[in-house]
Amino acid sequence: MSVLEVIISVLLVFGAAFVLLGSVGLVKLPDIYARLHAPTKATTLGVGALLVASAAHHSMLSGAPSLQEILVTVFFFLTAPIGAFLITKVALHQRLSAGTPLPHEEAHAQANRSDDDA
Amino acid sequence: MREPKSIGLVPRPLLSMMVAGTWLLANNSLYIGHLILAVLLGIALPRLTVHFWPDAPRVKKPGVAARLLAVFAYDVAVANFQVARLVLGSNDRLRPAFVDVPLDLRDEFGVALLASLVTLTPGTVSADYDPTLSVLRVHALDVEDGDALIKEIKQRYETPLREALGC
Amino acid sequence: MMNLAFSAGVGIVAACGVYLLLRARTYTIVLGLLLVSYATNLFLFASGRLSIDKAPIYAEDTTSYADPIPQALVLTAIVIGLAMTAFVIVVAMIANQKLGSDHVDAGREDDA
Amino acid sequence: MSGMLPIAMVVLPMFIAAVSLWVGARAENPDVARDRQRALGRFSLVAMVPLAIMMLQATDAGEVAVVRLGNWPSPFAITLVVDRLSALMVTLTVVLTLFVEWGARDGAEAEGPYFHPLLQFQVMGLNGAFMTGDLFNLFVFFEILLIASYALLLFGQGKQRLRAALHYIVLNLVGSCLFLIAVGVIYGLLGTLNMADLAAKAALVPAADAPLLKAGALLLLLVFGIKAAIVPVHLWLPSTYHAAAGPVSALFAIMTKVGMYAIIRVFIPIFGPGQGEVASVAEPWVLPVGLATLVVGTLGVLAANDFKKMLTYVVVASVGTQAIAVGLFTQQGLAAAVFYIAHSTLLTAGFFLLADAVILRRGEVGGRLSAGPLIPSARALAVLYLVAAMSTVGLPPLSGFVGKALLLAAVPTAWQPAVWTVTIVTSFVMLVQLARIGSVLFWNISSDREATPEVPPGVRSLAPAASLLTASVVISLFGQQLDTFSRATAAQIYDRARTIERVMTDAEPPPKDPQKKKAQKKAKKEGGDA
Amino acid sequence: MWLVAVIAIPILLCWVPIWGSRIAGRNGSAWGAGLVTALSMLALSQTVQPTLDGGMATETIDWMPTLGLQLAFRLDGLALLMCVLVLGIGALVVLYGRYYLDHVDRDDRFFSFLLLFMGAMLGVVTSENLLGLVVFWELTSVSSFLLVAFKNDKAAARKGARRALGVTGLGGLCLLAGMLLLGEVAGSYALTDVLAAHDQIVADSRYPYVLILILLGVFTKSAQFPFHFWLPGAMSAPTPASAYLHSATMVKAGVFLLIRLWPALAGTDLWFWIVTGVGMTTMVFAAFVALFERDIKGLLAYSTISHLGLITALAGLNTTTAVVAAIFHVINHATFKASLFMAAGIVDHEAGTRDLDALGGLAKYMRSTAILAGVAASAMAGIPLLNGFLSKEMFFKEAVEVGAVTSLALPALATIGGIFSVAYSARFVWGIFFGPETGKLPKTPHPPPTWMQVPVWLLVTLCVVVGMAPALVIQTPLIGIARSVLGEATPAIDIHVWHGFNVPLAMSAAAVVVGALLFRSYDTAAKLREGLPRAPKGVSLYNDALGLAFRFARGFTERCYNDSLTRYIVLVLVSALVVGSSPFLGDGAPDSDMGWDLAPLQREELPALAFIAVLILGAVATVKFRSRRFVALIVVGLTGLGTTLMFVEFSAPDLALTQLSVELATTVLILLALFFLPENSHPEGSSARHGRDWLIAGGVGLGLTALMFAVLSRPASSIADYYIAMAKPGGGGTNIVNVILVDFRGFDTMGEVTVLAVAALAIAALLENVRLVRRRTTLGATVRDDERHPFLLAVMTRPLLPLLLLVAAFILLRGHNLPGGGFIAGLVTAVALVLQFLASGLRWTFQRLDIDYTVATALGLLIALATGAAAMLFGQPFLTTAYTYVHLGPLHFELATAMAFDIGVFITVVAVLLLILVRLGEVGEEEGEHE
Amino acid sequence: MLSIAISIAATMIAIAMVLSLVRLLKGPTAPDRVLALDTVFVNTVGLVLVLGIAFETDLYFEAVLIIAMMGFVGTCALAKYVLRGDLME
């Protein structure tokens, strides 16, 4: 059992834990705006850790540094905010309640029903 | 709306380097064939996509940028433990709020980067941006003092970002 | 047991797809077709049997591979399915507008 | 026959289609685009006719062309196998399409955007389906010809057409899924896709696998039954054919034949008589449903109160007749089926074009069977109608009679009571109804109805319909030639062993330039070493 | 080829009258017809000698020898007789018709049809081949249909013609079947062989079927009970046609065939009972009906039926002398009935009506016609010194002489027929020419044109000559004719006007006397008849039967084809269940040693379970959320993801990539369309339907599960090993799936990109003129968000583009060796570009991506094609690939033509997807945005 | 040790996936579901990565790439639909 293997194991468990955390938040938090935080941050980080673990593992197997997973990590960090941004926008557009007053917007949509989708 | 002006061989040197580097990363190889392909793609892809991104910012101060990156990395780690705390704690302890951050940054791409940073860092998510008023709306999970939050965002991210991009 | 579970999965997806196909609305029919084609593709795929960790990528030291033929067939089938789905969606959309209803059976437009 | 010929029948239309897309997109306006596309399309069709006939001649001399695509050995390559049946079907396809394209010129409605490229793709799909020797490749060509037919069907849109198209498409998609499932079962048990190889392996299947393989085969039969419009999965046909524009319905005359062709291809050599545990899988089904199809189609003919609608049921009935002939599962029956397929393809197409011409001229009455106006070119139309109707009913001396006589003569004693009774009664009903319809269309003139004022000029526009209907006379005149060919075709299909040997083991034709061949081999060998 | 010419001339020259009328009007038409008839006669005269010498001429044209269908002709005595009748009376009818048809302006076609009919009829009577005979037989039906319907502006004419065609056509079909069977039984379709095979035929178990089928043809054609009803209906034909078809020729085809096949089929009890039974019934019944007809043509029609019955009865008697009598009566009936029809036509022509109630006293206006009709009618009644008497006498004789069982019935019936015959003949002559003038005539009668009477004269003269000097005129030819039918068995016959006092004479006398009395007391008889219960009329039975069939067909068809897609699908699925399960029922029932694979789960199989759960969850959720369309779309994506995961788990990386990319493309497509569809589905139908649907769905699911599990439980063996072994050395790639796609089975791939391209074209064509109004609302909000292009999305996707294209390039270039390839790369590229459309809109992206997608599609297809075709330049089959390893210093890489093929695929996929998505994206327009 | 870590990680991600699916099915709002679907995709990436480590293969890399990409674009499309209805105006 090499040091690398230990590192990989730790990264795996750490990453998976954060992935789990993200989903727990997704289920547990009270409203869409709050829920959004969990997967956007925790899951992204968790998967990031898993990617590093994977890269390390492949490096270990091939004996040379394997870095292709970094590409995916970059991609996640670039795209997670876009997704979060859009989803918040959607929630605001639908005037979903937030546990805090929604920002006032003059010409905005009137929610045409309760917090439930079509 | 093809721009009449010549776009040159390497219109986006940074992008070209990133593309070439990414290619090598993705292929996990420094074999000469891949090097050649990396160069070819590094030239071709930016040229092909230059019109989609005509006013790309250039990093003026790489040092500032690097420092910002380090701060960001640290914040991401912190952010997650904070989220862990909030998620695993009681929902009643949350103090969510929408906060409007007035920006000095005008460059579209700069704002976009800022918004992304804000999202990935502790307790905040970018929710909307009004380009006419130059205001970034942020949703925060646990806000004690809205103004402090605004200040922190501006200081911690906006200022260095403006510096790095020179705008 | 895994074979049985897989088979059941295919069967259940197909059953759901069939049920949706019989709901007589263009939209549910599109959904039903999607589900049925998932089931079909999985079926065709599994005709080469199920094998784990035996991707058909040739390597010197590998001796055992998954059957690549059904994979190639399914790939073709998926792409053809995409073409067909696209077409059926467009026809459904126009039909909905021209017929004033998305009910697919003649004389039942009023149900819409 | 050179391997070029079969390939050309697929590649040429595809090439022309692609080029005409290009040319069309580069044209300055739609009219120019259409003119160029039409010219290209016509060139392709005209060029394919002699090629098809060359294929027909070569196969008639007993040759079976086997093209192993990619130069891989059988059963690993996809093969094109061109025997008499394939050559005949391809010839029918190109001849039919040529006339349909000719006939489509007057119906501006049919000539929608991309009409000509789509027609080429349609031909490509049909030709490929008729030549391929690979079960999955058959699926692919089915899809090509189907998607092209969807597009052609929808030209001009309109409510009825949209709904019919939607039904047709969804039903065929369900059919395609069944096809794939059947392929899955068959591949799962036999482990191959080449039809000759399947035939060889199916004969050896162990008893434990037999029911499973039979289930797969029968699902395939159902799929082909849908395409062929055999009862009870025929319901889609009348509304679809009725909704299509005239020339398109004419083109569809070949569509049901694809299903019938596939039944012949799969259920005689692969799951046919003498195939061990899976012998004669389809035998209990095809003949009975064929009889039912004939009856149901004829009932439709009797019920129709619209000219074109009636024709759609004629198609169903004709499918029934073919299914009966195929369903006898004897060489003689198959020969009759082949004859009938050739006859009914051209006849049906001609009849549809004729119907289009009549309906176009009858003003607001259209195809409805009520008193109509005195239409221009009535005499010519009536003569054509008489020919078409006589041949449809099976009255001598036209091809329909010969076809029916061949079928009746092919029926073995055990089936004679059922088949003969049904054939006679249905022919009688058709006779009654076609006489009624003809007399309404051409004789029941109401002075207060007006013919369509601006009808495409005169008798000349009837030439495509007339040519197709003349084929009925020609087929009858040269009936012996076609019958000899059909019998040889049937014998060839039933001679499973020879086909298997030809496809699986026959050496490739010697290369024209041995030098190049060697170079190629060397390259491959080197690849192996590297 | 003179014999062939006899038949071919009228058929092939049938256009001459039309041509003649163009040149010389009405005369030209008739002259044309006459000329053609004369030509045919000339041809006949050239070939008649052997027949006259007691032999026959035969000629054959090969048509379909393998089927046994030949155009073979023989001119024996019987055939010659019929030819003479057909041509002779034909010529007379042409002459008559020239004058009769003056008020019909389309007589050019009339004579053409007549010639066509003449040829067909000549074919029937001279056929040596059974099937050839059927051909001509049916042609007489068709050409007579055209003649009967000649006055097609009248509904009655159309109906009558259709009925005639229907009945005789049905008979023709039966005859075809009968002939086929007869040929099968006799071992040959050549008449000569068949006639020689009597014993073999009669002994065959299929003899009854042969007989019944052929007799159906005979009886329908010769209007025998119960198929007689079409003939009166056919009286709407122009009278020349009736004179020709319904007296001398077409209706004789049936009895001709009886006589023709007599040597082969007769001589059995079955023959006797059916043929004589039907003949006698017809004779009596039709004579009875004729008596009460008001329409003179109707009267003649029923009289014809009756006389045909007489001939039929004779043919059924199984004695050779009866056959001779039958032949004789064929001749006699032809002469007197043709002349009577012509006379009736003259009356109709001159008086304007055919109604016996209106007619009367016409002798005053047309003396010669009256005389002629009187003589002919007397012949019909069987008055001595006329030909009708002679053959009727022979009939009576045969009736008396036939077996013991029927010794009373037959003579009695024959006499009764004779009585009616005398009565209606009298009524015909009296009612038209001598009875009181009614004053109800539509126009004042004039004597007919002289030439119109000439044919009648000729025919009546024949009646008289034969009647007065039979031994001199007819005996020898009749024996000759009979010999051609009966051969050695021909009886010695002796035809004389006077045979001395005997039973037949008594019967004749009784018939005349009682018939005359019956005529005298016609009014009483008519009243009596009114009182009789009416038997259902044939016509109405036929009409009712057809009506019933119509109604049934309508009902069935309406119920069957209700344009319900749901029904189509149900039928397909139920059929699939039925055929799919059939092999497992009965013998095929699965037994214990099916080898079901129930091995316990392995550790590495556990993820599969989770993925299967995702799959199932997605499917079930799709059903649950089906009416909430947006949600349904999201959860159906879950199934797609589940499918992808199955591919990941079960070693199909290429499939996983493809499935997921396609999944996304589909989602985008559906979203594009969903905006123009209702957001929610409305409530669905009854719970009964749900039950049915679940039953079917469950059946399909269960069936598929069983099928899948069974397949998975069987040992596998496939040809895959070859591909695995050859992918690298033969195809130059390590990704075996990709090598299969671009090399081993590249033809499939070419087809598949074609499908994509056609779908795109089809969609483009479909959407060309379609503009759909955008909704104002979105899901869950009353307005659409005012930001068209959400800020972060729009800005950040721009730098993403090169990254995503890089991914595409990565997948494309490595695809030959690692998971990936042209398809997936194409999908990824398209998705990358679609992201730009999503983020920044169509217009913005178009300005930066100025590509004609149609051209690009064509380009992609052409590249793929060209790579495939390139091999052919080197004499290799289409799609043969080649590859080589290039070594340039430190640089060594592989060049494979398959890569070029894959690039063609790549380009097509990108172009097609963009074409579809963009066209769909362009469909929407704001309200009131019409250009 | 690695194999234990793999089992633990796989189990945790599987649980995460179940939770995400719960949110997906529960909703209650459209953005909730879109977010949940997005998360499911990311969870999937995690699972596939763990699988790749377990099977000691790098053949799953492309799958990871594509799942990530398609998950993102899918989220964008769904969100755009709710916001504007027309995806590509």
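Residue numbering begins at 1 within each chain, and the chains themselves are lettered A, B, C, D, E and F in the order written.
Heads up, the rule we're going with is that a residue touches a chain if its C-beta (ideal position, glycine included) is under 8 Å from a C-beta of that chain, and two chains touch if they have at least 3 such contacts.
The shown structure was predicted, so the numbers you read here are calculated from the model rather than taken from an experiment.
Student: Return the chains common to the contact lists of chain C and chain D.
Tutor: E
Student: From the centre of chain B, which chain's CA centre is farthest?
Tutor: With centres defined by C-alpha atoms, farthest from chain B sits E.
Student: Can you tell me which chain is nearest the middle of the complex, judged by mean CA position?
Tutor: D
Student: Centre-to-centre on C-alpha atoms, which chain is most distant from chain A?
Tutor: E
Student: When the centre of a chain is set as the mean of its C-alpha atoms, what distance in Å lies between chain B and chain C?
Tutor: Roughly 40 Å, centre to centre.
Student: How many angstrom lie between the CA centroids of chain E and chain F, rounded to a whole number?
Tutor: Each chain's C-alpha centroid was found; their separation is 61 Å.
Student: Measure off the straight-line distance from the CA centroid of chain C to the CA centroid of chain F, and report it in whole Å.
Tutor: Using C-alpha averages as centres, the distance is 21 Å.
Student: Between chain A and chain D, what distance separates the C-alpha centroids? Give it in angstrom.
Tutor: Centre-to-centre distance between chain A and chain D: 56 Å.
Student: On chain A, where are the residues touching two or more other chains?
Tutor: Residue numbers touching two or more other chains: 24, 36, 44, 58, 66, 68, 71, 74-75, 78-79, 81-82, 85-86, 88-89, 93-94, 117-118.
Student: Using the touch rule from the top of the page, what residues of chain D touch 2 or more other chains?
Tutor: 136, 140, 143, 147, 150, 154, 157, 163, 166-167, 170, 174, 181, 184-185, 187-188
Student: Residues of chain B that touch two or more other chains: which are they?
Tutor: 22, 26-27, 115-116, 126, 128
Student: Can you check the complex and tell me which residues of chain E touch chain C?
Tutor: By the definition above, chain E touches chain C via 562-567, 569-570, 573, 597-602, 604-605, 608-609, 612, 615-616, 619-620, 622-623, 626, 629, 632-633, 636, 639-640, 642-643, 646-647, 649-655, 658-659, 662, 665-666, 669-670, 673-674, 676-678, 681-682, 684-685, 693-694, 696-698, 700-709, 711-713, 716, 718-720, 723-724, 727-728, 733-737, 740-741, 744-745, 748-749, 752, 755-756, 758-760, 762-763, 766-767, 770, 772, 817-819, 823, 909, 912, 916, 920, 923.
Student: For a test of understanding, state which residues of chain C touch chain D in their complex under the given definition.
Tutor: Interface residues on the chain C side: 21, 26, 29, 33, 36-37, 39-41, 43-49, 69-70, 73, 76-77, 80, 83-84, 87-88, 91-92, 94-95, 98-99, 104, 106.
Student: Which of the residues in chain E end up touching chain F in this complex?
Tutor: Residue positions touching the partner: 604, 607, 610, 614, 617, 621, 630-631, 633-635, 637-638, 641, 644-645, 648-649, 653, 656-657, 660-661, 663-664, 667-668, 671-672, 674-675, 774-775, 777-780, 784-785, 787-788, 790, 793, 797, 804, 807, 811, 818-820, 824, 828, 831, 834-835, 837-839, 841-842, 917-918, 921-922, 924.
Student: Would you pull the chain F residues touching chain C in the complex into a rising list?
Tutor: Where chain F meets chain C, its residues are 55, 57, 59.
Student: Hey, which residues of chain A end up touching chain F in the complex?
Tutor: 1, 5-6, 8-10, 12-13, 15-17, 19-20, 22-24, 26-27, 32, 35-36, 39, 43-44, 46-47, 50-51, 53-54, 57-58, 61, 66, 68-69, 71-72, 75-76, 79, 82-83, 86-91, 93-94, 96, 115-118
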